[in-house]
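Chain naming follows the written order as A, B, C and D, and within any one chain the residues start at number 1.
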Amino acid sequence: MRDKLVDLKDAIAELVRDGDSVVLGACLEPMIPFAATHELIRQGKRDLAMIAPISDASTDMLIGGGCVAKVIGAWVGNVSGGLGHNYRRAAEKRVPRSIAIEDYSNFALGMALTAGAYGMPFAPLRSLLGSDILKSNPRFKVTQNPLVDQPDPVVLVPPLKPDVAVLAVQRADRLGNSHFWGNTGLAQEAALAAERVIVIADEIVETPVILSDPNRILFPAFRVAAVAHVSAGVHPSPMVGAWRRDNDFFADYHARSRDREGFLAWLAEWVLDLPDHAAYRAKLGAGLERLRISGAAPAAAVNYAAD
Amino acid sequence: MRDKLVDLKDAIAELVRDGDSVVLGACLEPMIPFAATHELIRQGKRDLAMIAPISDASTDMLIGGGCVAKVIGAWVGNVSGGLGHNYRRAAEKRVPRSIAIEDYSNFALGMALTAGAYGMPFAPLRSLLGSDILKSNPRFKVTQNPLVDQPDPVVLVPPLKPDVAVLAVQRADRLGNSHFWGNTGLAQEAALAAERVIVIADEIVETPVILSDPNRILFPAFRVAAVAHVSAGVHPSPMVGAWRRDNDFFADYHARSRDREGFLAWLAEWVLDLPDHAAYRAKLGAGLERLRISGAAPAAAVNYAAD
Amino acid sequence: MHGRPEYTTQELMIVAAAREIADGEVVFVGMRLPIMAFGVARLTHAPNAVGLFECGIVRHRPADGMLYTMGDPPNQVGAAWLTGTVQLMGMLQGGRVDIGFIGGAEIDRFGNINSSYIGDFAAPTVKLPGSGGAADIAAMSGRVLAIMNHENHRLVPKVSYVTSVGYLGGAAERAACGLRRGGPAAVITDRAILRPHGPDRELHLASWHPGESAESVSANTGWSLRRLPNAHETPPPGAAELEALHRIDRDGFWRR
Amino acid sequence: MHGRPEYTTQELMIVAAAREIADGEVVFVGMRLPIMAFGVARLTHAPNAVGLFECGIVRHRPADGMLYTMGDPPNQVGAAWLTGTVQLMGMLQGGRVDIGFIGGAEIDRFGNINSSYIGDFAAPTVKLPGSGGAADIAAMSGRVLAIMNHENHRLVPKVSYVTSVGYLGGAAERAACGLRRGGPAAVITDRAILRPHGPDRELHLASWHPGESAESVSANTGWSLRRLPNAHETPPPGAAELEALHRIDRDGFWRR
């Protein structure tokens, strides 16, 4: 297998193109690869369509950074703070630019990615019946269930196939094999539906470590285009077994992004004026170390022996 | 949570009713709970509809035992031997009784169980287009994809919701929490779609062992109706980390089941004349011990700590 | 502050929400306050309740440690299942969930909730974060509990956008759109508890919190709020309930 | 025995199947012989091929140890993914699989395969085990390789039941039924290799195995078998291929 370990900067430069549809983390609140969020902004990517169940403040940052033309999502905001100020400014005042919004619920987004991953022509859903999401997102279509005679309306959700999915994992090897633990959200569906998968690994390990536990793999290496090693690449979101959530960081972002000038100052300080994630970690300094999980809650032993 | 640990005999007696649709193992070749197969035959269950992707010789045994009215499945036979002699006798000569056959492919069955598990009105499939499976199984319906204008036929698969799923796991606690490793086949879909789940655990452990690794759980305890502790309950099929496949046993079954008399003799010897699985294990004796996996191939350590 | 000195209004709301959970029920737990409600229920009258979190977590016992989001590590360690959103929301659609919690910016007299747009969705005056999983939980749970701040502009005659379906224009409309079950069972606010009543399932005043009155609640409701015949003051949290709550809320976040 | 002394016919078939796998391809591997073919390909010219097994296994390197079924423990330990059937078959339907192996009891001149019923399906003379995953692999792989025993009653003008779709009555019919890609690329038998040719994609003789001839193959084929212009003898296994095969087939199962 090909060695896929590259610098995050190169992975983003080569694998994300202006106009791409992009998933940045798909586990809802944890495991969001903010390092990639920052790199997309630093590289000035434009006209992205962000596919997001709930990617906490990541989508809001990208909108404020002017990278986003469209949100294909269920929720954009700041999970502990509530509203996303950049999202509001873009949707309400076209600042820094107008954005299109394709409304989903989390389940509808999950089924759309499932349909994309598994080559389904559509996913049938009962969930959105009656909701105005069917009005504001014209991609959904309500039909009668052809298998029954009595009235039985069904929502058909078209497949979503992201151009790129950037997904964080606890550990990976250089070939794209990786271990993931914690809630999986829509990460598996996103990985299998996406044309190109970029793995952000908190740690790089040897291949036998990964292959020692193949049930711990969430998506196969042959679908992975690149592996980037970024310690704490999910900061300020949490990663079970490795990093706590940096609640203060989210709160500070929320407060400072309330007006455009504040956001731009925040963006300069935490993204644009820093060359890379190593500089970001250095700037966090001891604050980052305080977030490091040092306790032990080991998984019970498992034996895969065949003989 | 309720203590769900019961004797396999009681679980089968109370939770499987004549006429039920039943999944007995859903991982294709490994992890088939043959102990439950035998118990269903011993208790003389009748008119079962067996939902089976590939459950090796288990379905063939039940057909020969006169328990089965219908096969809802993709494959019935003897994986190392080929044809299933009891299946042939029933389908071709109505011996010991006639059976109805609802043909599926493995993927169609998987999507039908997915639809059953997730409350979908149907699952759309491209896979069976052109196949005579669409003729011999009238439950499938071909329609035009309503989301596109050009011709795009889609097969609609109705949901399957088994009355009972019997699933083997390496270890479980008394409450129905369980750990599963190895290929999962359709086990998760079957567990979530079924009305009642019976877990056959090779080992019973304390609850904290299971909850130490919640990603290793394939289906939640609240969907489990009963846990039965049956060591080697999957024999002669394999269980990774615990039991090798007993190839000779399958070959012997294949040879002896070639005619009805031979099958009945086999059935008396290995099922009807034995009171329970403990007696079956005792009869296997040293042969069973030779199948026990004694090597070590440990999964790499994983830390779930939050602090 | 509405409550008596021993508890805050938020604590009262948490306990009121906890009481809606029956033992053994499967609960789709939302963020923040419902997490605490699930915990209190588990530790008091519902020791066999099961909590589902849409990010892919199933828990029996409540998390040790403060949760800012449902995906925080303390909610993962010792979970009873870590899995995907589709698995849990699929089970929800499959009818395996008894009760679900949601919130929103606006709710109307038929329990429809808006968490998407204030104003025209094509040119909103306020862009709210969106459904998340709320639309799914509202449509497919056996019954729904809504948690709201009780203000005139939040409890409105008709929401400008139905993110999460309540009874639409009345219960018959919910059924007519194809939903086979569910709908709001209670709305728990910082002033009162409202419940659907009558064939239309319009929200009525069921109880007002200590410090409030039927009149003060009505005055803060955007429609002409009718009251149930047996409307009464919300019973305050009991000692066992508060003790359970304090055990979970170790940092006193909800006492502030 | 058709082959030369250094290899058996089955070994020749395995090597011929292995040669169909290009480096880096994603292969849906069937039971028995294709498992060995994948292994030989990996160890010789296709070190980056990936093997998918429908029970939910993905492997890079071939299993250590004899496999009686694809789900045997040696195929699990050291796998590159252990997952579910829907995940792998879903990827297959999604167009992520380059090549798939299938077998069956009957195949016809357009590569349609029967593994379900001999005779009328309502009253069969022989009930075969059924599709398993073959119908899916035949419909959705980028291309399909069929492995068959070459006998008159197995290579028939028209199968009595199409379990696994080939080109139906000719390539246009496959497309017309809604399948967007794929179809048989080769049929490897114990006597020959057949390949589709011409606009209808009818199976033609591409090569006969050592010990056979165009005539002997035709005599054992149930339809009037046409041959490709460049039809030739199947090249025997090379030393490296046989060495790779012997490394995997440690018990000599395929040498018997």
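As a working rule, contacts are C-beta pairs under 8 Å (C-beta built on N, C-alpha and C of every residue); 3 or more make two chains touch, one makes a residue touch a chain.
Quantities reported herein were computed from a predicted structural model and do not represent experimental measurements.
Enquirer: Relative to subunit C, which chain's C-alpha centre is the most remote?
Expert: D
Enquirer: Between A-D and A-C, which chain pair is linked by the larger number of C-beta contacts?
Expert: Taking the two pairs in turn, the one with more contacts turns out to be A-C.
Enquirer: Please report how many Å separate the Cα centroid of subunit A from that of subunit B, as a whole number.
Expert: Inter-chain centre distance comes to 36 Å.
Enquirer: Could you tell me the distance, in whole angstrom, between the mean C-alpha positions of subunit B and subunit C?
Expert: 40
Enquirer: Between subunit A and subunit C, what's the gap in Å when you average each chain's C-alpha atoms?
Expert: Spacing between the chain centres: roughly 27 Å.
Enquirer: For subunit C, jot down the residues that touch at least 2 other chains.
Expert: 72-73, 76-78, 82-83, 86, 89-90, 92-93, 140
Enquirer: Spell out, as numbers or ranges, the residues of subunit B touching 2 or more other chains.
Expert: 114, 119-120, 125-126, 152, 154, 181-182, 184, 188, 212, 215, 240-241, 244, 293, 297, 304-307
Enquirer: Go through the chains and record each pair that touches.
Expert: The list of touching pairs comes to A-B, A-C, A-D, B-C, B-D.
Enquirer: Can you list the residues on subunit A that touch subunit B in the complex?
Expert: Of all residues in subunit A, those touching subunit B are 119-126, 141, 143, 145-148, 152, 154, 156, 158, 170, 179, 181-182, 184, 205, 209-210, 212-213, 215-216, 240-242, 244, 293-307.
Enquirer: Quick one: in the complex, what on subunit A touches subunit D?
Expert: Its residues touching subunit D are 1-2, 114, 116-120, 177, 188, 192-193, 211-212, 214-215, 217, 219-223, 304-307.
Enquirer: Under the stated contact criterion, what part of subunit D meets subunit A in this complex?
Expert: Against subunit A, the touching part of subunit D is residues 26, 48, 50, 58, 60, 64-65, 72-74, 76-83, 86-87, 89-96, 140.
Enquirer: With touch defined as at the start, can you tell me which subunit C residues reach subunit A in the complex?
Expert: Of all residues in subunit C, those touching subunit A are 31, 53-57, 68-73, 76-78, 82-86, 89-90, 92-93, 116-117, 121-122, 124-136, 139-140, 161-165, 168, 173-174, 177-180.
Enquirer: Spell out the residues on subunit A that touch subunit C in their complex, using ranges where they run on.
Expert: Against subunit C, the touching part of subunit A is residues 27-31, 53-54, 56, 73-77, 79-80, 82-84, 87-88, 91-92, 101, 103-108, 110-111, 114, 125-133, 135-136, 151-154, 181-189, 238-241, 244-245, 247, 250, 293, 297.
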